[in-house]
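In order of appearance the chains are A, B, C and D, and numbering begins at 1 in each one.
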Amino acid sequence: MVQMEWYLVLSTFMMFAGVYGFFTRRNLLTMLISIELILNSVDINFAVFNRFLFPEQLEGVFFTIFAIGVSAAETAVAIAIIINIYRNMKNIQVRNLDKIKEE
Amino acid sequence: MEYTLLLLILPLFSFLVLGLLGNYMKPKVAGFIGTLSLVGITIVSYFTAYNYFAAGRNADGVFPTLIPYNWEWLPFGKLSIDMGVMLDPISVMMLVVISTISLMVHIYSLGYMKGETGFQRYYAFISLFTMSMLGLVVATNIFQMYIFWELVGVSSYLLIGFYYTKPAAIAASKKAFIVTRFADLGFLIGILIYGFYVGTFSFTPDTARLISAGAMIPLALSLMFVGGAGKSAMFPLHIWLPDAMEGPTPVSALIHAATMVVAGVFLVARMFPLFIDFAPEVLPWIAYIGAFTALYAAAVACVQSDIKRVLAFSTISQIGFMMVALGVSTSIDPNNGGLGYMASMFHLFTHAMFKALLFLGAGSIIHAVHSNEMSAMGGLRRYMPVTHITFLIACLAIAGIWPLSGFFSKDEILAACFNFNPLMGWTMTAIAGMTAFYMFRLYYCIFWGKENKELHEAHTPKESPLSMTLPLIILAAITCVAGFIPFGKFVSSNGTAYHIHIDATTAAISLVVAVCSIALATLVYARSKQPIADTLATRFAGLHKAAYNRFYIDKVWIFITKQIIFRCISTPIAWFDKHIIDGFFNMCGKCTAYLSKKIKWLQDSHIQHYCIWFLAGTVLLTIILLIF
Amino acid sequence: MDIQTIIFIILAAIIGVCSILAITTRRILRSATFLLFVLFATAGIYFQLNYSFLGAVQLLIYAGGITILYVFSILLTSSDGDRAEPLKSKKMIIGLLSTFAGLGVCIYVIVKHKFTEPVFQMGELNIRTIGHALMGTEKYQYLLPFEVISLLLLACIVGGIMIARKR
Amino acid sequence: MCNILILFVVIPLVMMLGLWASRSLCQVKVVMVSGASLLLALSIYIVFNYIGLRNAGNDAEMLYTSSIMWYEPLNICFSLGVDGISVVMILLSSIIVFTGVFASWRLKPMTKEYFLWYTLLTVGVYGFFISIDLFTMFMFYEVALIPMFLLIGVWGSGRKEYSAMKLTLMLMGGSALILIGILSIYYGAGASTMNITELSQIEIPTNIQHTFFPLLFLGFGILGALFPFHTWSPDGHASAPTAVSMLHAGVLMKLGGYGCFRIAMYLMPEGLAMWGEVFLILTTISVVYGAFSACVQTDLKYINAYSSVSHCGLVLFALLMMTRTSCTGAIMQMLSHGLMTALFFALIGMMYGRTHTRDIREMSGLMKIMPCLAVCYVIAGLANLGLPGFSGFAAEMTIFVGSFENTDTFHRVCTIIATCSIVITAVYILRTVGKFLYGEVNNPEFLQLTDASWDEKVAVFTLIVCVAGLGLAPLWASDLISTSVEPIISQFIK
């Protein structure tokens, strides 16, 4: 049987991959992808804790479901914004974004 | 004796009036007020002297020490500075000397200073000086003496710098003040030691305390002597006095010949009982310093060409005599080793008179020829008979010719020296001879010798007005008769009456030496051509030059002040302050600015970077939490 | 080594490799694709945990919906081949350092921490239970969050349209 | 609250209101003069009343005490009270504030604002001297510091921004140390009170005293221009406008000495015993160092600023000698130096206003052109070098006699080194006077200049009269101070 810790380690790994991506990538969309990784890793944790530690209850599952919903919402809005930015600036690199402040 | 307070109030009052309102009154009025107050002071001091000595001796056969006034001025816990008036033989004697000379100078200045700008200021300053000097001599304790000592110093500073537009006068006044101040530092520390160990600033402390203080008393007294040496121009602190001649000549007569410069002698005399009983080992050193100073100054005086400089060095030399006389005293009993004290005071008295006369005479000459240099003079006897005669009397007196006053006092000094040590006696006799020589060199160069015809034709010298000659005549008269005053009856080391008897041998020796010296001077300088002097000057060119330059002592002092104090201490300190200390604080500021510039990139408005720091910080905190 | 473990290892390998590739690859479309794989693998994890519903949701929404959104937006915004510029080494090092430090700390904590005894109870979570919990208003029932989420989604739809609309 | 002391804070505040409301320059001056005169009159009244109360046998340590709880959780009170030391300090402040108003009579741009800040500074100074609660004191101390920055930075001359920044930063650094020190006293004494008189009854643990005494002393010492933290003073004084220099050197620097004595030494005797000698070395250096530095300066204000370093060093020096007489002398020196240095700065400011230079090499013969100011400068100089008859002498002699009572060899040596400063003082004073007052006029433009106007005469003569008054009759001040020094000194003389 797989130990709970293995799952946790896996999710942690995924989370930090996302973190690293968030730190280093310049492209807004890639940064968003990194955020998805982070959220995903958190979802795994919810599910794992629910299954292993509190199997009678369902909070973890529901939080995962809601989190997936929220992330979907967030992605939709974020992509809308990104498209808007792209439309204005023909570019979605982070370093160009300081122009937004000036306008 | 309550009226003695007038001695301080009168001149203070005239100083305040002249100082504050002087600009609003005519010069003549100012001079009149000053002189009038001095007349008042003179009357009071003569009256005091008469009353004091007429009151007679007490049961112990001494004149009692009277303290009509003594107020606590500033208490320091157990100690306190008092202000008051104390009368004893020497202070009364000094009162007479100061008021006489000061009155003469006041009258003389009416003529001499006529038309000078700042006439009112001049009178204000000499009033201030008179007050301080009187306060000094009647001081009831050492601290009051110090206070007036400082005031005397400052009035001397103000008067030397009277012609404040002349750079030489400014430099001289500065030098005088700073050198004496330097010496006063010793005086002050001496007072502090004395006050602490003896528990009082008074002149008559508790004997038990003195004994228990042990070695501190000689130390304190020596330091006080340093102060006295500064004021009285003892070697090597004498350098200010010749320069102080930049002041108006009457001031030189009053301050730098008759009164202030003998304050050091007065100080030693005042502390004499303590010196004798608790620091007898210090006294010979005073004598040695005095003797060396006398010798040095006499040597320098022989070659100076500025007449006031000659007189200045002569003053230094004569004060050296007084110091020697005090120093050679070996006991409090005037009949047995304590003669010097009386001799010193006597010489102080007579010297004040004839030296003031000399200076006033010199002032009269300067007034006539408008120069201090001997080269501008010569042959003046025809133009200025009164000045000539009085000057001659003074020269004879200082040379020690019977029956003028200088003979008597110098004789006592020499007798005291012979008692102490024959070598000292012979040295002082030789110096007395030198005195006669340089004084007559001066005399001949002024009144006989080679006349500066061109100058005298362009501007014929004429006798000074009555206001100037009158003081000369009065002082000459005093000089003539002062020797016959039974001085020992009034002042002696233990207060008992001492009968002055002329020691025939000493008197004969000194007379012979004096006459020989005068003859020598006559031989060398009396003619209009002076071949011997020129030969000597060329033969011993190095020595002559050295003596003319006062053996380069001034150079040493300039080196010390300019090179050491300014160049080697002050400038580096200022540099240190500006660059190291200030630099350090500026560096702190710059480092802060630099650091903030360096870490500015942390705040680069990139969210990603903030996130990195956020994560790093969180991780760090977690690690810290895990560790502790 | 039972079958569960083997499946887990395969899934973990996919997740690990693909998540790293997703954030390191230069081409943004590839990165989206790798994300898709990660999401699939995550769904696998859920299935393994016997949360089939969760896995289905994951597949439907994430892999099916969101990824497609990404692909669309990438296609809309990418202009010149989408090559991400090379990273500055200094920044990468700092990012790497803090990431590894964070990773290390988290893993250390996970390994060290004493959880209450984990018990793996096999058993499918049936849909009826989920439906009741989602629609109930009792304790441990989630109608309110459900409604809130739906409202949020609605707001997002409106907002997305508002923002992305051409002016 | 019917405490007369509160008036010292209220009057300046009312003055500020009046200034705010006034519409013309004339009104501003009326407000300032009447306010300053009222303060002066009040402080003279306080002095006499205080002496009267003392003579009537009131021997409490502090008089006119009152206390209002300010912030209950920390036991911070608005406690007022004065002893002889603070009374003379209040008098000093009033004299200088009064003369400062006249010295800045013709200050031009933004006169109203200038006086507003000036009055705020006054609030801080008075508040510091009348309060006996540590926190309240600290608050007023800060109130006094901040206006300084603006007064120098806006109305100053020369490198004013640099100087204002330097001064404020260094003094702020000092006040940070003071805050730490105050908190250490407060918590060391059990966090029950901030009242000084009550704190003095409580034994603060020895290790706390040993650790925090130097911080507290240094914090106040920076304000008192302790070597090597004095460099704000020359730059600050040189750049400040006349009245600010006067108030700063005259009163604000005294806050340092006062704080050292009243707070650091009084409340931490153990710390004093441990650190006294270290600080004594620093103060001795200050005394001599300041004097030597002054010898080669060429800017009049720098000369006076370094002279202040030397004289304020003497204040701290005397305090650290720890005898009753020397501490009395220290307070007298504060009083005396405050008056003298204010006089100096006033004169320098007036001359600078005419010649537009402060470099003594560029001036000469001013005695001819402006005899009144020049004579006053000479008088100030003589007073500064300790001429009997002026306050400096009485103060310095009290210090030296007092210091000599400390029989320890180390202290003796320090005393003798410090006495040397009187000679060096003479050197730089006479050098300055000789260079720029005496001699022939070297700049023909100077011949057009005028002598003192009436307002300047008011300022200068008031100060001279005070300096001479204190110098001629030092007994009253010395009496007033020494009785109040007694309880403080008994803390550290066991």
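The definition used in the following text is that a residue touches a chain if its C-beta (ideal position, glycine included) is under 8 Å from a C-beta of that chain, and two chains touch if they have at least 3 such contacts.
The model shown is predicted, which means the values in this text are computed figures rather than measured ones.
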Neighbouring chains shared between chain B and chain C, ordered by label: A
Higher-contact pair (C-beta pairs counted), A-C versus A-B: A-C
Rounded Å distance between chain A and chain C, as computed from the means of their C-alpha atoms: 6
Gap in Å, rounded to a whole number, between the CA centres of chain B and chain A: 98
For chain B paired with chain D, centre-to-centre distance based on mean C-alpha positions, whole Å: 37
Where chain A and chain D are represented by their mean Cα positions, the distance between them in whole Å: 65
Residue numbers of chain A (touch at least two other chains): 19, 23-24
Numbers and ranges of chain D residues touching at least 2 other chains: none
Set of chain C residues in contact with two or more other chains: 91, 95, 98-99, 102
Category of the chain touch graph - line, ring, star, complete, other: other
Contact footprint of chain C on chain B as seen in their complex: 609, 612, 615-616, 618-619, 622-623, 626
Chain B contact footprint on chain C (complex, rising order): 91, 94-95, 97-99, 101-102, 105, 108-109
Chain C-facing residues of chain A, complex: 1-10, 12-21, 23-27, 29-30, 32-34, 36-37, 40, 43-44, 47-48, 51-53, 55, 57-59, 61-62, 64-66, 68-77, 79-84, 86-87, 90-93
Chain B to chain A touching residues, read off their complex: 605-608, 611-612, 615
Contact set on chain D toward chain B in their complex: 165-166, 169-170, 228, 230-232, 235, 289, 292-293, 295-297, 323-325, 328, 365, 367-368, 382, 385-389, 393-394, 397-398, 400-402, 404-405, 415-416, 419-420, 422-423, 426-427, 430-431, 434, 437-440, 474-475, 478-479, 482
